[in-house]
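Note that subunit A is present in both complexes that follow, paired respectively with subunit B and with subunit C.
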Partner chain A sequence: MKRRFKKSCYFPCKLEQLEQDLKNQYFQASPDLASKIIHHDGKRCIVVFIDYLVDKDHLYDQVVGEIQHTPSWDHETFKDTIPITGSKQHTELNPIGDELLEGAACVYIEGEKDCLTFLIPRVEKREPDRAETESLIFGPKVSFTESMDTNLNLVHKRMDTSSLKVEKFVIGNTVPTEVRIVYLEDIANGDNVKELRDRLSVLNVDDVLDASTLTQYIEDNSYSIFPQFITTELPDRFCYSLKEGRLGVLVDKSASGVVTPASFFSFFQTTEDNYTRWNMGAFTRLLRIIAMFISITLTPTYVAALTYHYEIIPDALLVSLGHSRTRVPFPPLLEALILEFLIELIREAGARLPTKVGQTMGIVGGIVIGQAVVQAGFTSNILIIIVALSALASFTTPSYLMGSAIRIIRFPLMIFAGLWGFVGLVFSFAFIAIHLVKQRSLNRPYFVPVYPFQPRDLDNSIFRIPFLHSNKRAYSNKPKKIQRFPKPKKPKKSDIDE
Partner chain B sequence: MRKTNCLGIILSFFILITSSSCIEPNIIEELGIVTAYGFDQNPDTQEIDGTVVLYQFNPDITDASQIIHSSGATFDTIRANANKQSGYQIVNGQLQTLIFGPTISEEGIFPYLDTIERNAAVSDMLYVAVADQPTRDLMSASNYEEAPNIGIYLHRLIETAVKSEVIVSSTFHEFMRSYFRVGLDPVVPILTVEDNKVEVNAIGMMQNDVLVGTLSMDEIFYARLLRDRFKEGRVELTMNLDDFDEYITQYVNDPRSEDDLHVVIDQLGSRASINVTDTEALNFEVDIKLNGRVIELSQRINLDEPGPLKKMESEIERQIEENLIEVVGRSQELGSDIFGFGVQYNNATRGQSLTTDDWHDLFPNINVNYNIDVEIKRFGIVQ
Partner chain C sequence: MSQLQIPLDQKIKAVYLFIVLHTMQIGVGIAGYPRLVFMEAGRDSWISIIVAAIVLHLTIACIVFILNTHKDTDLHGILTSWFGSFIGKLITLVFIVYFFIMFLSVMLNYIEFVQVFIFPQMSSWFISAALLTLVLYAVLGGIRVAVGASIVFFFGSIWMLGLLTEPIALLDYDGYFPMFEADMRAILEGAKITSFTILGFELLWFLYPYIHDKSKVHRYSQLAMAFTIAMITVITMVSIGFYAQGQLESKIWPLLSMMKIISFPMFERFDILAVALWMIIILPNLILLAWMLSISSKRVFGWKQKYFLYLFVLIAFICQYHFDNRHYVNMFTDYVGQAGMYLGFLFPFLLLPFAIYKRVKGKKKANAKN
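Right after this comes the complex of A and B.
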């Protein structure tokens, strides 16, 4: 809330008057508004600041210290002698209050017609640390921090090129937050940039809170369970995506960057796939996609097969399945729901608790309850294997949001499998497939390269081939420059024993 | 617009959930899953006695087997009557073996296969077999190895024999195909009980769906030679040792103890083609190409020389031809064309609509000429 003052020009005034007015009218008698009065040659000067918002070292060394050492006192001299870049002159009280909130010190010599402010904010920030949610084994492990300066610095350090373009937006009515679009001008598609720019500039909300909240405001389909923009805390992943022709969004006070447009399969990639050799990278990528299928299908298949389709169970499995089911008093659907619910409980409890307790929780939940549940005949032990396997498989997804989506989507699938058997399962899959196929991310197809089928992009998404052969950027992002480098000539072959 | 959409979604969910009770659940532990049926003609009544082998799930008993005896005029009635004796719902979806007793197989088994053909839940890959004694006795044989029940054991028994190319495969699908095909008759394995354990001891030659004769395990080789092809087959032949007199290397002055020479050939590959040379005179020509490896010789004959090798090959050819004439001759007498001569005849005489009965009349009169070419590829290094 900004106060209006009746007087068009506030100054000159008494020092005590200025302090009182600032305190009463602007800060509701805040106890944190501090001031220091300096005397010199019969003149008096006041420095006003908010205690916890200014950098104390700067304040005493460069503002107060300089004032004390300056022989002639007037605002023009102060502006020259105080070595702080962000200085402004104000004639009204109102903007001074705003400046103070941003971390400025206000300097006023009694009797002058205006007032000086020097921006010396104190910013609490942590050093870039190891990534927590997207941990890597091989490759750079540094992650974004909550400071926009640090994040931009991290990105710029990784891409020392003049074509890196940063556009600034301020979003939020109540708490204005700085948002930056980052992209490589000579690679990123112009339509994509325009689209993102439009979406950000029309966004009229009170507060963006965080990068992950911002994505929810500007996503293509906010009703979908699948995330459409990649949220990452790894600067190297962020930069890799920019080099592929995607756009990045950084939000002030948020420790994650947003990458767009994203395809469904890009949620199953890590930069680690690129750092390891191509065959391992290709293997792990395929592994994750298979794991996703396992995670989604295994429990519903169990439910469907045991409720309706005993014909399809191989006879080697039939006996052990039958034996373990005889003691279970529930139908397979209820049995599976109970166990899946249990696993979700353990996961959620483990996530909410402090790390040390969380580990104990995992052991108690996993081993003790799991064992007891089977012993008590609540579920069959084969289902325990299946549910544990599919939970495990869902955690292989590198993107936390996508992993959660996969875990949640199992529940409706299970219910349909329990109600309709494989017919229900097929219908549910068809529903998901249709949903994925018509989904967009920043107006680009989401399910690319499978639909629209883009065989040239398969090496970039589902598996990987040696870098020398994949010298093209993903077509689906429509980058301005498709070729990363010219295809190398084959070296002349020579025998090793020549 | 949005409101109707929402209503539509709610309505479709409602329909989905309420109508889900229209499909009948088959929860696994509430089912008596049948793995094998045995059918016998009841000597006193017109009805069929069925022996039904079920899975019995009980974690405390390692053996998952239950046998129910019931009777009825049709397959499905037998199942329904068996259900009267069981708290489980008896279902056929995992059926693996069908066995017909002696009387019923001589009267025709097709009526009891019909229901399986109509039921989509039953696999076409189940085996059809015939027992040489009442199936009730056969299926109460208590030694069925590590299999959960005798139905599974019977399936494994036949499958192993088929995979090792000892007998001709007779899945339900193959049985039906040869039953409906003009000029080809089905074959079935014949099971017997030895020491409380079921074993395959012959194959049965059918005329349509009626069992008319059997081929012993040694003769099956010749039926398979014409009907199927070998990839990894094996045969043992017995020759007269006098023919190889000049090639025998004596072990340390060991006198000749026997007159027979036993030769075992394995890794046997074969390719046979039946051609009609004269449709009027019913002349057939059969070309057979065989190759294999000599794995066992009962006497020491040095096959390194071209002479004994050639001699061995021509002797094998002669043996096979003799046996083929014998086997085919017997099947002609019985009127069961399990080799598929009729298929080739039907192909050669396009336009005349040959029926199965026609062919059964013609088949005993056909003349077959054999061209057999045997090649021994390897005989092992023995020195």
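Right after this comes the complex of A and C.
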């Protein structure tokens, strides 16, 4: 931006002069700078704006319309009559240019000493829609959109309380982006808030693309495969986490909210576990954790058993396994790698293709290739079952990032199992365990409630008990108020028939 | 130098002592222990265990008493403040050497284990490289990760105890009778064997300053000892009842041989997995020992803990390469046992009079002030 004009001596000027200067000096002869000159009582007034950045309805009804209907022309009257809140007076050219970029209309009466701007930005946004990546069967379906206003509105509507606090940050040198920390002041831990604030305020990057990109800038260990902050597109999950004492981050132009601190097991929870009855919730939660375990272990165990430890396979199974593997020319490791690779190909192709073609892709990949691969003697039938099962299990993880992490760590596990059998497998599990213990999320331990061992938190993370009995928030988030509500009094125990 | 200033976020809860001390005691030894004690004390092994247990609990009480005399310092700090810097450093060095040999012996024993049961061809240096990688990765995270890893591995392996129900169902109760056959000398020999197995509690000397709530240290360390004793009692008794006359003596690792009969519908031979899983039983030993070696060396020599960790891992790797032989494995194990008798069980009682003297003097001083 060139500062060619001396301070406070630009105005008064000719209308054409103003328009020309703005166009040439500030916008490098942009074709989109539009203007309209209005005549009244021998006076002339110009309205300058950028065509695609202002709301046309507001412009014509409330700015141009009001100017035409106002009998006496001066800036003070305009300020009163034009019903737009964000109005400013400027005496220089540069701030006017900045305002125009934000979606303002600039109003100037010929001969006046300053210039008015009215903020009427046009914001393209979609209405809150059904959640796509984290779908719930039971419970609210609305998801965040790309607009900060809408997202804040969704959060505020869900938590109509004065303790909801929102802090504003602007991050990005090239493209400044608005980032908000959202938390419940009387519940969230002060140290956590301070830590998050510190991390955001020291962040010095050119651009925050999206909420998920922001997490990669501020998370504790960027080298880990496991996500350390929860990224969610569900406002109800976001709000539920805030009520548990976590902190939320919303990023403008991003359709997902970030929740922190997160623990490893919180990636396997959904709010649906809370909406369904407790026994079903507990069951599905455990199911997901078991599924994760199956997804990691099943194929590597197959590889290890078939490569080195034939003796662990029961006789009956060994016969059919041997039969189906007689035509397979590869060692088990290669066989499993080929098939897992195939599954990943189908998944990735399905994700990239448009929905309708994607379904065909599934059929082609699943049935045709699956059948043909076995008949051609590339893999055994049993491996197809195992790989399909572990792929299925990995998709039960509600968090997409965690699901992907689980699918990816299967590959090194398979390789270790193929090279050193169960010893390799246990080695890699031990490595993952140490890694998880080492991990932190916003300086809070990641592997709670296993370590630090918090038996009281088990019901909030691994399974679930009836709400009347779980009246405490998770200890591991260190909330200011640990109790959600006082424990109800136990009814007097009575005899069977009384 | 004698007082350790440890930031609060590096401290651990006393509850973890229960698991940490227990996992330190249980290692490769437990697999072969029933045979060794049976060869000495026969059917009356349980009496040997009880004798060893009494000594163990007394020793722990003594160690905690001495540590409580000086809050917030480890063995090195105590010795330095009582006998001066030279003796303090010397005895800490003795402990470092002792723990290092223990480290080697655990590692070599596990390597032998894997080679005998699963992969006779697998080279030893490879297994040790794998183990040392894990140790390095864990200890680089500091005390919290070392303790945390032990706790996760404890939960990852303790369920195997439940598998003993299968052999328990097959017990032959005649195997326990007649009782009280062994003579006094046999019982004591058995107790000595037992005390070799339950070594590892000495780590408390060095872990103490890192405990957050010191008042509970005694409770949880005693509980850990009781748990270990209960565990080895169960394992020994099941082994004695499970094996027929003369069989137990011929099995080098009775516990593992017993696991051969455990099978699941889709998993015929559990012992294969058990040997691999034994890695996570011994890893806490290695990790905590490596942590202790590096932190104590730092206390003695004053260089960075990181360098000592790398150094010890390197030396351990080289040593493993040189002593890859059954003869050496036995030799190391015996050394550790012998040294453990003195350093583990006798040493605390030698320090006890000094601690009492300090306490009495401290009280007098406090009284004089009042």
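Just so it is clear, the second predicted complex is superposed on the first by the 483 of 498 C-alpha atoms of A that agree within 3 Å, B and C clash if a C-alpha of one lies under 4 Å from a C-alpha of the other, contacts with A are read in each partner's own complex, and residues count from 1 in each chain.
The rule we apply is simple: a contact is a pair of C-beta atoms (placed from the backbone, for glycine too) under 8 Å apart; a residue touches a chain by one contact, two chains touch by 3 or more.
Because the structure is a prediction, the values reported are computed rather than measured.
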Check: Which holds for A:113: it touches subunit B only (first), subunit C only (second), both, or neither?
Finding: neither
Check: Which partner does A:352 reach: the first (subunit B), the second (subunit C), both, or neither?
Finding: neither
Note to self: In the overlaid three-chain picture, which partner chain does A:425 touch, first (subunit B) or second (subunit C), both, or neither?
What the structure shows: second
Next item on the list: Name the contact category of A:433: first (subunit B only), second (subunit C only), both, or neither.
Entry: second
Check: Touching A:311, do we find subunit B (first), subunit C (second), both, or neither?
Finding: both
Next item on the list: Kindly classify A:451 by the partners it touches after superposition: subunit B alone (first), subunit C alone (second), both, or neither?
Entry: second
Note to self: Is A:322 touching anything from subunit B or subunit C once the two structures are fitted on A? First, second, both or neither.
What the structure shows: first
Note to self: Let me test your reading of the model: by the given contact rule, A:277 touches which partner, first (subunit B), second (subunit C), both or neither?
What the structure shows: neither
Notebook entry, point to check: Just which bits of subunit A does subunit B share with subunit C as contact spots?
Noted result: 308-309, 311, 313, 315, 420-421, 423
Notebook entry, point to check: Contact residues on subunit A for subunit B in the complex?
Noted result: 306-311, 313, 315, 318-319, 321-328, 331-332, 416, 419-421, 423-424
Note to self: Applying the document's contact rule, which stretches of subunit B touch subunit A when the two form their complex?
What the structure shows: 16-17, 20, 23, 25-29, 31, 33, 35, 55, 57-59, 64, 91, 93-94, 96, 121, 123, 148, 152
Note to self: Using the touch definition from the top, list the residues of subunit C that touch subunit A in their complex.
What the structure shows: 13, 15-16, 114, 118-119, 122, 127, 130, 133-134, 137-138, 141, 145, 147-149, 151-153, 155-156, 263, 265-270, 272-273, 275-277, 279-280, 283
Check: What part of subunit A is in contact with subunit C in the complex they form?
Finding: 308-309, 311-315, 317, 420-423, 425-427, 429-431, 433-438, 445, 447, 450-453
